[in-house]
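Sending over a structure as structure tokens; questions will come in a sec.
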Amino acid sequence: MDRSYLAKRLLHALIIAWGVMTASFFLMRIGPHSPADKYLATLGAGHNVSQVTAAIESRYGVDRPLYEQYFNYINSLLHGDWGWSFSTSMPVSDLIKIHWAYSFQLIFLSSILAIILGISLGIFTAARKNTKADHIATFFSFAGISIPNFWLGMMLILIFSVKLGWFKTYYDTGLPMFSLSNLYALILPVITLATGMVAGYGRFVRSSMLENMNKDFVRTARAKGLPESVVLRKHVFRNALLPVVTIIMLDMSGIIFGGAYITEFIFGIPGLGWMSLKAVFSDDYSVVMAVTLIGAFVTLFFNLVADIAYTYLDPRIRYE
Amino acid sequence: MKLAAYYLERLKGNKTAIIGLAFIIFLVLTALIGPFFTVSPTQVNFSEKNLPPIGFSSEQSEYSAKVGGLVMTNMHGTWKHPLGTDGMGRDLLSQLISGARVSLLVGLLATGLAIVIGAIIGVSSAYFGGIADSILMRFTDIMITFPFLLLLILIVYMFGSSLALIILSIGLTGWTGTARLVRSETLSLRTRDFVIASKALGASDLRIIFYHLLPNTISSIIVLATLSIPGAILAEAALSFIGLGDPQVASWGNILNAGQNDLQAAWWIAVEPGIMLFFTVISFNFLGEGLRDAFDPKGDYN
Amino acid sequence: MAKIIEIENLRKYYPVTRGFLSKKRGDVKAVDGVSFFIQEGETLGLAGESGCGKSTLGRTILKLEEPDSGNILWRGRDITKSRKNQLKEFRKDCQIIFQDPKSSLDPRMTVGNSIEEALIIHDIGAREERTRMVGELLLKVGLTLDYMPRYPHELSGGQQQRIGIARALAVNPGLIVADEPVSALDVSVQAQILNLLMELKTQLKLSYLFIAHNLWVIRYISDRVAIMYLGKIVELADKDELFENPLHPYTVALLSSLPGSRNRKVLRGEVPSPMNPPDGCRFHTRCEKKLDRCVSIEPEMKEVGKGHFVMCHLY
Amino acid sequence: MTSEIILSIENLKTYFFTKKGIVRAVDNISFDIRKGEILCIVGESGSGKTVTALSILRLVESPGKIIEGKIILDEDNLLELSPHKMQDVRGNKIAMVFQDPHSALNPIFTIGDQVSEAISAHKSCNKEDASSQATQLLELVGIPLAKERYHDYPHQFSGGMKQRVVIAMALACHPRVLIADEPATALDLTVQAQILDLFLELRARFEMSIIYITHDLGVVSEIADSIVVMYAGRIMEKGGSRDVLGNPVHPYTKGLMGCLPSEKGIIIPIPGTIPGLINPPAGCIFHPRCVNALDICRMERPPMTKITDEHYVSCFLGGVNG
Amino acid sequence: LERDSGNKTKDLTAGKLGGTFIEGASGADAETLNWILAADATSLGYISLAFDGLIAYDNKFNIVNRWLKNDIKTSDDGLSYTVTIRDDLEWSDGKPVTSDDFVYTMKNLMFADWMAYTYAGDWTEEVDGKSVFVEPVVENETTFTIKRKTVDPEFLYTVTDLMIYPKHIVSKYEGDVKAFTQAPELNNLSYTGNLGPYRYKEWIRNDKIVMERNPDYYLGKENGEPYFENYEVKIFGTSTARHAAMEAGDITNTGIDPEQVMKFKAIPSIKVFTVPTTGYRVLQYNMRDNGWEGLKDRKVRQAISMSISKEKIIQDILLGFGEPAFSFIPNVSPWYSEEGLSKIGVGALYDKTRAKELMKEAGYGIEKNGAIQVIDKKGDKIKLKFFTITGSKVHESMAYLIQKELGDIGIEVDIKFVPWETMLRKYYMNKVPGSDQPARNNNGPRAVSEEPWDLMYAGQSTDVLQPSGTEIFFVTDGGLNTSGYSNPEVDALFKKVHSKEALDVTARKKIYAQLSKIISEDQPLDFLAYPTANIAFKSNIRGIDPGISMNYNYQEWYFG
């Protein structure tokens, strides 16, 4: 992997990020909403609605022409300023600093769990292809993929929190981040988020393994007289890993902005997902923009990592 | 068509796919004719609220004029409302049937829209190449990079939660997979001998696209569509679940959202639509995987 | 006899690009200055190693790829610069059949439709008439009418190849480029197809550009033979002349590597990459008789005997 | 040639149990191979050559299954060995080279790694030993600068070189029998010739027995000591190379030879195509394409008839029509 | 064995001190702690933890002074209000809170153009047809006077709501709204000194705010209040989570849904108080030109109200936690009077036959087979468009109940649920068609909303002490008179409330009684119910005085 390639990839990423930024910027501004809405509701007699609206819109700078706002936004972004969140009265960067950790711990734990369990499940089922164990595991994988995670979360709460009382019905931010009790509190959310991932990775690893098992080089390896375990571990798994790494990387952003969102919503975890959801509902442009951009960067970052990982794992690309 | 029959024959061997298909057919039929046999899903009856499903019972507080205050009554499921009722005494069975309509409508229309957009973009990108390809693919990249759910939430919040808008926005954001698939398939088909043969015969671009390229991507598109339908259904349910659903319709997501606050008093409101969602999604997944196998030329064995 | 097609100094390069900005890294010189002609009713065999540009040459003379330079004269008409819509006549006259019989047929079309497509594109006949013609074509390639409603996957490779031939014949062509039409087939079926092609040739006065790996197939079917190496034709002669009296060291080596041939001269070394072919004579890296100038000076095509051309400094 | 029999296949049946039915890929075949001999299995595509080879190594995968038969090596029936023991046979006593060198090598490991792996699978030796032996092997099969190329990856090699690497892996433990499944078909003519030469050289050097699978009669005539002609999972004719090629008895063998241009430049194709193996024709499996077919051919499976000591044919017309 | 009384207090304090009080909340989090920018009640609620304000009301609406030293003095002519604050109030930096801070806050912030204070209108009066601000004047360190040119007896309540910023801190942001908005010390209340029982500690948005005990609290000097170490407000996404947290004892107090009351009452470690609220539920009738024409007729409105049973609403939807409403003044208000109220919707006035007759009288019904069939003037079935906001179970239930009730008299109701913003833009805001008026909540009698509507269900709340605030709904040019109601008599009476005549409390009460009567007869909207709330506490909390404003003495609560 040469430098110029990396540079080009970064440029590419920047262009995409710019596209995402621009699209979301204008998408949010063409909508009929305004940050002044919430004030309108409380206006009493004698108030001049349009005057107050104008005053509030000017307070937040949304009364300027769109292009001006756009360039201002880019300008402040370039200066490292993510803007002011008017729904929470704090700088967006502070907001993110406080809340990202809640998302991160959830996503990190779920991913680790999903990667370990998913890959094990995949190898297990592939090695026992078409046995009863495989069929059962396959069925559960399908179930795992198909179960809506918001419903799963609710059912976990219903059973384990409401009926059995083993867990709190909400995530308690009061717990110290690095403590067993915090880990315990994250059990249900992690299960909620990880179930689909485990099942998905399991299926994917299985099919990737099976695909590689049919390869000629596996037959060659067997013909060499290698023990089956070595054949599976070395020749099949290492090759099967290639697409798995890519999928996991590409999946990451989807998880963060799909499953994690909903999971945070159900368990009341004040992570970035929940933050941005609330921000959408309060027309807090700068927060939504920031989260969108972070999302885009995360996606692009993981794409890049996937590429680099691929290059690292696959000599055909490494030595191009 | 004989070819269809051939694939159907292959599909028949796949038990899970057939189960999935059967459930989907059942669901479609229920959605179509169910409303003729059940009460209206909006018919409220406060004296029958929070009735549990048949075979269950639950304690409910009720206002008693006699006592002049609350009394606890033990409710039992009745055949009138086999799946119970919600907090307004609306029949859950008929709500679920109405939800099936919504989900199927969303799944089919949104996926259809996404497929059409994706196919057009994918084919044009691959066939015309050059600048058109670059622009379209960059655009696709941007769409893919957009945090999908956030985008969806944003659009629906911005422009109002009507079913039509929800379908439209799921369709408008969900085409990227199809575009990439169709593009890559077209790129590889384009160099296949039968396309070259057609060119050698002097066939026009349009003829090649419509008679050779698109028909040959159809099987992948069908598989992708089948596997995307649950995605669309879940997207609508997720939107409804977080409160952005169309309040005018009883979609499963809406029922779930309402049930979320009643988990303690009436668990079935949240459980039932979830089960329906689960079965629907798993059925489409089963069917999709089955179709994939059926269309897969390697699938002759096993 | 009239030349049905003549090409002069034809070139086709494929740019090799990489990365997101598609930076050009060089060209694959798939066809790099090739001239020859084919007469009516003649079969020109074309042999050479994998990747030397045979298929590209075949496709380029049919204008399925735009040539980068050189001329294509079709029955005396220069069609190099013609646009798609001006090529209708040419398209009717020059057809192609392929190596892989399976992929040369649209898997979603019935055999009948595949053949009929040729007629539809060229507006030949009304519906019933077309059906009749398709039937005739099927019979001509040794199949029966039952095949019309079948799909390609229901046929064997040999049968598929017959359909491919029928489709090419549908427009009554004068020239058929046959790109390894039998290499994918079993020996017994190969023989059937070869005989069919021979029969059709005499029956319909066809010309072939016949591309093959297999030298016995070339020898069997061709009138003249061209040997290609790395984008260039290095030797061209009448069939018997070439096989009895090969001149170019590459031809000699190629013929000697035929199984069962007496004095084996196994070529050492690898085929160089067509992206940066060696300077001078392209074969010099593997040639046993290499001279000093072979390394730097590219030899010209010379006529060394009647109709025997060779591109080598030795002659 | 009367050297000792090294490997003997008896009544081997390998079937594939597919959804559509049972594919009788190898249906009751027997043949022997002697020490230092090159035995060619010829036959058209789908005639069961590869399955035969895989059956010998017990590498047939589901839905395929070896139904019955014996494969005797050193008085052991390979089909009765424990999986663990069988592992020791593979690569060690019997090695195999596959058709497509491009896919036979694992793309993500180095050439050297894959060759030395074949050594250390059977010999307990340390890493350096294995790698120096591997380098020697690579030199042996004609890889120039073997030491330097040891750490290269397969994609950096050309097809011919890859096939040499695969052969080097097969030679790793000096097997007694080397099965080569169309090792040259995927390669260019000039490279094909190189590989053939290599095989002849190896045989001369190590006194190996080689089962060489091909459908090219030209190749057969060049290298075979004895020949097995397969058609649709069954052996039609087998015997010494000179007998079979010089005096073909079975109509199929004759047909195959007719497909090659004769001195006069004429080819006579065999009509029809190879039958499906799920519902094969009754009787002689070749009868639908046989110009000489008798009524009995449609009903009964012809037995293996001896023509000379070394030459057998499975045809009711055995010898009669020759 | 006599004890020193000072010591006694200390001992008592020591026993009470400690613990964290956690209030379980639902809904949206506060937007800002910078009070002047706040548009939501949650924000003001958080701020008040650190910031007492001039006074508090107890459950009987008696004034309890907080920052005030003496009661506010209203001059006899009703034109000036004199406020005297305590002299022991301090900002965090030790500087005393002075009347100058108050006057500065009013003049330079609340009344300043650059700030665009949302409630600035409350501080204006109409003088010579122009709207001008009242005039605050510093009298001395701790006393200031607010002067008016016109009499408004209810202005007193506006004054009691007064809040402040420290002049010496805020003045550096003056004129720069962006800097003011983003000023860290204003956003984290670091200036509040001894002004409230708690001090800002931590705020995790959309999750919780934690305030810590303010040891310097000016009221605590004598008794050591407040007693809780921390006061926390925890936000829950679902009521399931909130109820479960209460049940498990993870939180100290929260509101309880009616369905859950029985269950919670049975838990010994929890006590549930049922208290009145200031809110009420209404069904609005659109009397504008894009509503059904019949609604302009009082008889029709009465008929509709008459067919909706308030008792049913209370029993079926509120499970008995509520009382029927007939007036815009909640029954807990000191201004409430039953006299002359038409009690439509209960007892004899819940009468569908009467309703039909009334419809017929108004011309919307014909006699058929001895029964009255309600139809519109063209002879078609009457179909009314009903709107309410999405996402509330109570709203939904109300919608269906009303639909059912009106269905009984032959009026078809078509229910639509729309989000709040849509409601606001498309159904509330109106303008005269074809004009280039900016849309407002009331653009005059000829104005119409973008989308037509007939009925709208909403929750409203009235300032129980100052019901005239509600005039914006009822007077012809009222700022929130979205349904186009106009009755000169009502306009005049509301004017009277703000006149000298009403300075006399009994006179004012009479005016209110008259207003209630007229409005209840007119039925510009159907007052449905005054709901009551159920609030659960851990039973070991001491010091609670349950009632409508039970929080008034929360700084005295402690864990027993």
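Note that the chains take the letters A, B, C, D and E in the order they are written out, and that residue 1 is the start of every chain.
Criterion: a contact is a pair of C-beta atoms (placed from the backbone, for glycine too) under 8 Å apart; a residue touches a chain by one contact, two chains touch by 3 or more.
What you see is a predicted model; the values in this text were computed from it and never measured.
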*Does A-D or A-B have the larger number of C-beta pairs in contact?*
A-B
*Farthest from chain C in C-alpha centre terms, which chain would that be?*
E
*How big is the gap, in whole Å, between where the Cα atoms of chain B centre and where those of chain D centre?*
53
*Once you find the CA centre of chain C and the CA centre of chain D, what distance in Å lies between them?*
33
*Between chain A and chain E, what is the gap in Å from one C-alpha centre to the other?*
41
*asked:* At least two partner chains per residue is the criterion; list those residues in chain B.
replied: 260, 263-264
_Residues of chain E engaged with two or more neighbouring chains_ = 238, 240, 244
*Which residues does chain C have that touch at least 2 chains other than itself?*
none
*asked:* Show me the residue ranges of chain B that touch chain E in the complex, using the header's touch definition.
replied: 42, 44, 46-47, 50, 60-63, 65, 68-70, 72, 87-88, 90, 160-161, 243, 247-248, 258, 260-265
_Which stretch or stretches of chain D touch chain A in the complex?_
54, 57, 59, 62, 83, 87-92, 95-96, 98, 100, 103-110, 117-118, 121-122, 153, 155-156, 166, 169-170, 172-173
*Report the residues of chain D in contact with chain C in the complex, numbered from low to high.*
44-45, 158, 160-161, 188-190, 192-194, 196-197, 215-219, 221-222, 255-256, 258-261, 265, 267-271, 273-274
*asked:* Show me the residue ranges of chain B that touch chain A in the complex, using the header's touch definition.
replied: 16, 138-139, 141-142, 144-151, 153-155, 157-159, 230, 234, 237-238, 241-242, 256, 259-260, 263-264, 267, 270-271, 273-274, 277-278, 281-282, 285-286, 289
*Which bits of chain A are touching chain B when the two form their complex?*
15-17, 19-20, 23-24, 27-28, 30-33, 139, 142-143, 145-148, 150-151, 154-155, 157-158, 162, 253-254, 256-258, 261-262, 265, 276-277, 280-281, 288, 291-292, 295-296, 299-300
